[in-house]
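Right after this note come the structures.
Across the two complexes that follow, chain A remains constant while its partner is chain B and subsequently chain C.
Up next, the complex of A and B:
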């Protein structure tokens, strides 16, 4: 009997898990459908397949990677996605404009404010709304805080994936303070549901401001002291240097954005390349590094944290008075049209493309997620390295599976 | 809006454009036929007066009447996003040339559009489903795919299950499918 005939029909409810052909068998039980699949699933001399995931702790979620190995060297790999696919885009087409904000929240769940920001900006373009300046400043302020918390978590994860257990505990201290701060502002710790079409949900309050002021006085010093733990660790640095190197031209062809692209030397940042919100008024630098390896990607995020702190300082200085919401009807019916809006998230360009057909539900909402784009380059960076380095390279790209799988 | 850029587009791509160059807010929009995708995108990418080296997004769209593939590009020659719409793909057999020869990173985005809409990208060497399981038969983001709990439309369309074949068996009445005018 062939493998294909033993497979039960797709909608058969009697599929049991103790079947011989497990769900996570590395070799798919059907003939290859594409050129690339045929090439990948044919073994050379002395090669073997091994499955990593989908429950592997270093895959940052539920990602399955089929690796073709020669000894301990990775020859090729094939990421298998979809274990976390929730069909957010379809759900958004069946929800009204306000409801979609809470639908897109859990995509990149460590930086939820950016998930909300892009669709909200696209809707505002569809509706031709001007957002009050105070709301814009609050968005930038909370967004930069979210960026710092995301980068802090990245640094901990990075070290954890290389086998160091301590840094993640330290970075969670950092993250927890910011998350508590944002909870005071938005009401929730993780999926904030804070941005609204035309403004934000709540004004700055005393609890938030006192926590923020408290944290800002020691933030720089505290982050620096956390960093010495890793940056001066010879094992860590030598492990990361020269690993997963990519040049800027290839990175552009792979559609990279964000810190990963800037680590190859291109100063592309959506906040400057295509300015939005009040970023043109704020003074900050775009750090870049020329090496394009894992260490550069890691160090670049540290530089970004410092720039974010500068932006937060300026926001607090210049925070204008005024309303935090534009005047809008409850039920939004934008004129038929299309709008594209992109923000610079902690992982890169996070964008939304919205189409309106004149009803109260978006006709189509496309979410462009940087994690998805970066993850596909793993197959380009890894071949030739060891299995343990695969994990390091993947961690340095900082993919969040919630965003990859939508 | 960047009127200079619009005139430059019209001068360089004039014959390839189907319809006028539209501009709104910070976006310039052009429409082309599916057959011209390779030519137009290569021109935009390589020509020193355009330099659109950065593919910001690639999305499939089902308008209810036709399929479209929408590219968003960025370049340092204009402050606008450039939206290129490959228009008029048939809903029964949507085909469009792949852009992986310019941007290797478009591969997964094209796989996603194939998975969700059934758009076939000719030249993409790895065009298989990416989110849905490999034995799945329908294309979830198409407008004739109704959610099971979409009470406003599904009972009239007689839809019982979320998964349907390419064209649903009790084909829904035309009025049940949402459409946009192009």
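Up next, the complex of A and C:
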């Protein structure tokens, strides 16, 4: 295939102005590659393109969204991905099984423990390892803490994208306390590299337990009091209610999972639907909301925080004694085969599909990331709304670009 | 030339400063001498055009006043929002970081003044000037204190609304000429917003004008003299509410700061601006906050009037009558005062050397002296007291604006327009009719 010139010819009337000024419109690829692209890049009467990102204050990293605008109204939009692509899956094929854990860590960088959990579970299936119960409880405990920190961050970002300056810093207090205690447990604040094949890296220590106990006494009240600034704010609620509404069937068809799907009324939670770890023993509800709009997605995460606190309570109550690592050979050579494992991350079903060819490196590690799945629905939710709503809808889906681009 | 350059290069930095000061002093002396020599014709010329001179002087003073005002409000905003966010905020430059906004000002002065390719250069340059001048010129009619105002016009309020409406032209110019779609959206948003909110803004004060019977801001303030119950806020609560909301939108402040919504359209009309041109936009925004607060205070909160009739103490100090005692007082009081203020620190803190205690005493004495002078001015000079009350009230409103910025999210553009036309406009009309009816009824009853 020959490389076609991306520059339009000089006699194209669309570009004479740009040629004169010495600037080139970067948006329309020329010639269009697909029919959809040709349709998208042909402007109607009074329409214009606007290029939001990859450097934009509120695209959650480096997402680029090409929007076709009619005044303030978004007619159509095209998310362009790949600005944060690091080839993690390929890197994993050239690392041994232990090393892949730190490779997948920075995918969804606000909830790293779940990034580790799914591949680790897949490897355990390949190796037929029984994980000690104490290790499973520690995994659930730290995972739920990480879920709370991720949801707290989401609420702050949501407010920041709607123009509120303060909630982001207030929710960072919560997040900071949690990441500090996880740092006491795992040694890192953000990219924990804590889960191991067959267990976890370190046992619960005094520093972690004292921080956790200190925080648990006031967590519920503190989180709720922080969020009254938003939840009872007329401007905030009015902007979110009825925005980006999706029904459960469409959401299922778009492969939604996690809080975004539960906000449409379907109580689908991997922790209950395909139970893993010790979740069957724990008592917690799956909160749902029927509206399926941005406000429902926002409030549902608040309910989830409460359920996570319940789970943490029970974990602390039932924490068994015992080893935290299974007995493993020094060199891991799983049998040739395939394994699939999914966990319920803060954004939805986070899954790993590992193929082993019998060597000490995975033949293939496929990461299924909920952010990517949810981001593809932006084109469904946004058209017809305003620019400001684009930001709100994207924020309410809570995509993390590290996970989208991998 | 080389001689001068070589000498200059050899000087140390204090030497250069000293030399510069000397040159400046020399120039000033020469200028002053020339002024004295040619004083008579100049004075004659000035005397013949007194209103013009007064206008130029007032405009200059107001223009100069905006700079420290903007610095102060920027600092207030940084610090107060930081405290609301549970951050420390600025704390490096100056005491409690109070000079940070000055440093910001210097920074924008030193940055590259960049004009993007494809921008309409002349309009691009003119836009910040238009915006800034519009906000400065509105300051001309605000009565700061008894006898302290730029111009006492009988149509001051009309003038105010007319000129403050010009500011949006600058924003529109900046948005259009930047050759950037974000800027364009910001400019169009600001045009739509300001024009929509101008209507309820003006209508909300018409009720007040019916009550007061004048458009001169000075006269409006005089009408509200006496107790705080005489302020117009009690007769026009709805008018005040509408005015305040509409004024927030006029000043492009949160929750109506759609023109520079950073999460949506990057920085709106100011996206392509850098350096001092951006600085002008930035300054104009904060000057607008001050102006809107000042007008709210003037219209509804009694302007420079004290909230209660202040007892007239009037210390008739005539320093001249003290004679030689004054000289001794000036010589002795600072020394004794510093010592008295320093001694407790020296005696109570054993770890403190005497010179440190002296420095603390010196600072404290200065504080006491300044406070004493200000106290004296407050009770004996009417305009100082008026200015103090005015600034107190105005900065309370500035605080409310900052508070809203720290607390509220931003509204959407359709909600913004809907709010103006569906709620504020009918409410201001209702306010107008009710006020007019009440005035007629009261007039009939009184006969």
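Remarks
In the analysis below, the second predicted complex is superposed on the first by the 378 of 406 C-alpha atoms of A that agree within 3 Å, B and C clash if a C-alpha of one lies under 4 Å from a C-alpha of the other, contacts with A are read in each partner's own complex, and residues count from 1 in each chain.
Note that a contact is a pair of C-beta atoms (placed from the backbone, for glycine too) under 8 Å apart; a residue touches a chain by one contact, two chains touch by 3 or more.
Every value quoted in this text rests on a predicted model; they were computed, and no experiment measured them.
In the superposed model, A:290 lies in contact with neither chain B nor chain C. Once the two complexes are overlaid on the shared chain, A:38 sits clear of chain B and of chain C alike. When the two complexes are overlaid on their common chain A, residue A:163 makes contact with chain C while staying clear of chain B.
Residue contacts after overlaying the shared chain place A:368 against chain B, while chain C stays out of touching range. By the touch criterion defined above, A:256 lies against chain B but remains apart from chain C after alignment on the C-alpha atoms of chain A. Looking at the shared chain after the overlay, A:190 reaches neither chain B nor chain C. Legend: residue contacts after superposition of the two complexes on their common chain; A:216 is shown touching neither chain B nor chain C. In the superposition on chain A, the chain among chain B and chain C reaching more residues of chain A is B.
Across the complex, chain C is touched by residues 21-23, 48-50, 56-58, 72, 159-166, 169-170, 173, 229-230, 233, 235-236, 238-239, 386-389, 391 of chain A.
Looking at the complex, you find that chain B touches chain A at residues 24-27, 29, 53-57, 59, 61-62, 70, 72, 74, 76, 79, 81, 83, 102-109, 112, 116, 125-137, 140-141, 145, 147, 150, 163, 178-181. Residues 81, 84-87, 117-118, 179, 181-182, 185, 189, 254-255, 257-258, 261-266, 405-415 of chain C are the ones that touch chain A when the two sit in their complex.
By the touch criterion given at the top, residues 7, 10-11, 28, 30, 33-37, 81-82, 85, 87, 89-91, 93-94, 125, 252-256, 268, 273-274, 336-340, 342, 349, 351, 353, 355, 357, 359, 363-364, 366, 368, 372-373, 376-377, 380, 405-406 of chain A touch chain B in their complex.
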